[in-house]
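What follows is a pair of complexes built around chain A, which joins chain B in one and chain C in the other.
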Partner chain A sequence: MNYEDLLQIGPYELGEEEKDRIYGELLSRLTDRHRSRCELYDRVCNLLGDLPGTTRTVEEIPMTPVSLFKQADLCSVPAEEVFKTMTSSGTSGQKTSKIFLDQQTAAWQQRTLERIIRDFIGERRIPMLIVDSPNVLRDRNLFSARGAGILGFSIFGTKRRYALTADMELDYDAVLEFLETAAGGPVLVFGFTYIIWKHFYQALAALGKTLPLENGFLIHGGGWKKLQNEAVSADVFKKGLKNVCGISKVRNYYGMAEQTGCIYMECECGSLHVSSYSDVRIRNMEDFSCCKNGTEGVIQVLTPMAWSYPGHSILTEDKGTILGVDDCPCGRKGKYIKITGRIPKAEVRGCSDTYEE
Partner chain B sequence: MRNEERIPDGVTRLAGGYELEAAPMEPFAPVVMDFLSRLSDEIRAIPRREASEEMKALGFWLRRAHLLELRRAYGRENALGLGIVFHIAPANVPLLFAYSCAIGLLAGNACRVRVSGRRNTDCERLCSLIGELLSEEGFLFIRRRISILSYDRAFTDLTRQFSLECDARVIWGGDRTVEEIRAIPLRPQAMELAFPDRTSLCVMNPEALLALSDEALTNLAIRFYNDTYGMDQNACSCPKLVCWQTAEEARREHASKRFWDAVAEASKRYALSEIKVSQKYGALWERVGLDADIRQIRRWSNRLYVLELGAVSEGFSESRMQFGSFLEYHMKQNDEWTGAVSEKVQTLTFFGVERDCLLKTVREKRLRGIQRIVPVGQALFMDLTWDGKDLIACLSRTIG
Partner chain C sequence: MSNLETYNKIFRSMFRKTDEELPALKYRGIALWDSIGHMDLMGELEEAFDIRIDTQDVLDFTSYEKGKEVLGRYGVVIE
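So, the complex of A and B:
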């Protein structure tokens, strides 16, 4: 079995036991592959006691800390095979993650996303409203996660319309015209959580206008951090959007630039679902032991998709819990999870400079 | 009370007055000693469970017997303070401002202290104790010799004003803080003491360690813990590197294991938060991944990481070893640790080694670093000789 075969399996039909077996084998072979091609990765794995050539359990696969992608170039393919380098959208002044993709990995990312999203919106392509500025794609110097997200989702749209101008202003008339041509049929609305709230919902609310999106399917991601600061909960977010455009299908997803495509989509019951194409473990930071379902810890994400860089097992800086396995009322198999936020930044002692926030 | 003093907007007065008296006093003036030892009494009267380790240590440091000891060692005839000393204290060593201020007072000066806006409860509590003492009849005039203020670092105008007012400026903090403050001028006759980023190391003798009873070993481990974990291993004097002296291979490995097992045990009391583990594990990958000089990694859950070096170099001072993460090196000659010493190295702690022997090595090898050589357990003790300077001498003048 390889990742190609895994992609043939439906996104939510792999039972846990079988998945553990398949993942143990695939991730072990992938760990060996990365170890033989990425010197830095090999050096750390070796000293952490990882045994090459063996079949590890999923839990035994070494975890690469997500911060390492900001500090080092992690690549497992020759430079000439790097098809594009993706960067995470770090805020100004911070270092950004660098992810090296070959053709194969880039194609897998796209197909993974497609398999997952199709399960929610169906096989047909539909008109798509992108809540962002077209400029985010024009700046080719920075192939950012935001741009990658938009490009990735664009394949689901027959026609595409950007809702915001270059100045991030809502182009109300153009959006209305676009929605009128869709004639009340299904429309995919895509954007980043904060941008949708700030530049779409709040702009509409300020104008005192509405948009006809009763048949829309809104997908948003990118994290709640900024909205949490403004005390906007998932519930407030959904209600607000329903008020300004009648939309009832509003779904969040969790995902990261380091494993683009392997997203965790929110179902109609409000849980984020782990697909067949990736897996999660919740780690107790005292000793990295795995937490029981229902217990909060730090999220580790795993996927055999990460072929061109050693990012197949990543310890994130996010917290969450596994809510259950195989028994979500929505009928999807596999784990379903909840994200509870970032690891809180605590004050650190010592007399060295603490300029970073 | 002079509550009518005008305090600029954005400035919080935490204790003392605002206008300071510039006339100096003699070092270790009786009234200053009285005031500080009374403060020690007040600190030590705080119920045990409400007082942090740092607060207890400060109370102990300020007790009369210790002040008298300091006077014997540092007191001088025919001397006076400089006038006004402006102290800039770091945010993340909560009580350092108090030591700095006490030293300034002992040297015979009036002290203006800027503490960070990110104050903790220790800082608030101490300032309120100081405030109460200063309202006592006998200490009223000390109100014009202490001014503890808090204001945002963005108010550079104030820092500028206080810098022009003072006769000496004391900057605690990292390289960037020192650089930033240094750009603000002082009056021509004023002097400056700056304490930039430093790092520290430890030398141990394997045979001496193996000779310890279990109880003595536990005790040593706790002292080592206090030197390091106590400040998140993030202060200048917290050792990052432990160098073992020569011994038979099996013996030194046994010693190392015995020591770190005991440190791991001591570290069970450490408040290990998720963010600390996240940063520590990230730093481990970065350190090991980017440099090929690590031979072995040992971990005791996520409480203690020990990275064995294949060779020592000055580069160790750049490693982000924090929250209980150590470099270790088994020396082939007993003075090989000197290879790690650059001008950025401050403290050398030791166990099972003669202090004189280490001092002799520092002198004979004419090392650019090492300002203190203290036994394990004393890395964080504040001394009047700091970073190689006699602070009383620096902050006073002898009339010749």
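So, the complex of A and C:
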């Protein structure tokens, strides 16, 4: 079994017992691989008491704190095999995570995303409205998580149209024209939560105009932090968008630049689903033991996809709970989770957003 | 123009390569054929052959040669 085989399994059909067995084996091998190829990671593992060459349970796989990717270059492939370098943020003088991707890992990221999203929007590509400025992708060799998100989702779009200008202004007439060519058919709308609210919803509301997106499917990610500060809840977000463009399918996702592609999509019941391609543990903030389902703790994310850098087991700075396993009313198997906030004292970073006004 | 000529012409102009260099081209093998280049390539091919490539086939289109097989699934024979 390797990650390639895992990708052959449907995104929401792997039973938990089998998944634990597969993940224990794959992640143990991967830990040894990264230990032998990344000296710094090897030292971290020694500090954490990891025993090389053993088969660990999923819980025993050492956790790399997400902040380490900001402090050091962690890479497990020779420099000439690095195909792209991705950063978690770009503009504001905050420290950025650097993620080194080889061809294999980049390809897996895209295929992972495709497997997950297909379960929600189907396999046909549809016109895509990107709620952002085309400037996000200025440098194609070094792109931000925001750019990576847009690029990753672009595979689902036939025609693609950016909704915002370089100055982050809504280009209403161009968007309307684009939607008219889609002729009321399905449209994928993609963007970052805060940008959609600030530069799409609020811009439309201020103009007093609407857009015909009754058949749209809106996918947004990047964190709620900024909107929580403005007291905009998920419910307010959905209702607002419904008002200005008639859209009823509005889905959030959770994910991070350090494991791009392995996203946690919100289902029709409002839960974020863990796919076959990654796993989650909730860690107690005091002793880092695993929390029972329903108990809040720090989120650990794991995936055998992280081949070119040691990011297969990451302790995030987000808090959350596992709501249940295998029994979400939407019918998808596996764990489903809820994000509840960020741990105190974590370095403030807006998420992939890093978008500063 | 034959399908092969159209196919080659798109590859040559997008990736600035000669006919002789085309058979070795792979997705992510050269800087221009990255994910941005890939989606542009899909758009060009869809327009030229009047087809719509499904998402999975977009990702299955991993090289110049493999692309011929993918287009075959849409009734576009490249030979």
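Keep in mind that, in the parts below, the second predicted complex is superposed on the first by the 338 of 357 C-alpha atoms of A that agree within 3 Å, B and C clash if a C-alpha of one lies under 4 Å from a C-alpha of the other, contacts with A are read in each partner's own complex, and residues count from 1 in each chain.
Keep this in mind: contacts are C-beta pairs under 8 Å (C-beta built on N, C-alpha and C of every residue); 3 or more make two chains touch, one makes a residue touch a chain.
The model shown is predicted, which means the values in this text are computed figures rather than measured ones.
Using the contact criterion defined above for the overlaid structures, shared-chain residue A:108 touches neither chain B nor chain C, since it reaches no partner.
In the superposed model, A:123 lies in contact with chain C only, and not with chain B.
Which of chain B and chain C touches more residues of chain A: that partner is B.
Once the two complexes are overlaid on the shared chain, A:178 sits clear of chain B and of chain C alike. Touch criterion met: A:83 reaches chain C, while chain B stays clear of it.
Legend: residue contacts after superposition of the two complexes on their common chain; A:41 is shown touching chain B, with no touch to chain C.
Residue contacts after overlaying the shared chain place A:137 against chain C, while chain B stays out of touching range.
When both complexes are overlaid on chain A, the residue A:154 reaches chain C alone and has no touch with chain B. Comparing the two interfaces of chain A, the one with chain B and the one with chain C have no residue in common. Remark: chain C residues 27-29, 31, 34-36, 39, 43, 46, 52-56, 58-59, 62 touch chain A in the complex.
Across the complex, chain A meets chain B through its residues 40-41, 43-44, 47-48, 64-68, 71-72, 285-288, 298, 315, 317, 319, 343-355. The touching residues of chain B, counted against chain A in their complex, run 90-94, 96, 118, 120, 172-177, 195, 197, 231-236, 238, 272-279, 281-282, 284-286, 288-290, 292, 294, 296-297, 301-303, 322. Residues 83-84, 103, 106-107, 110-111, 114, 117-118, 123-125, 137, 140-141, 151-152, 154-158, 160 of chain A are the ones touching chain C in the complex.
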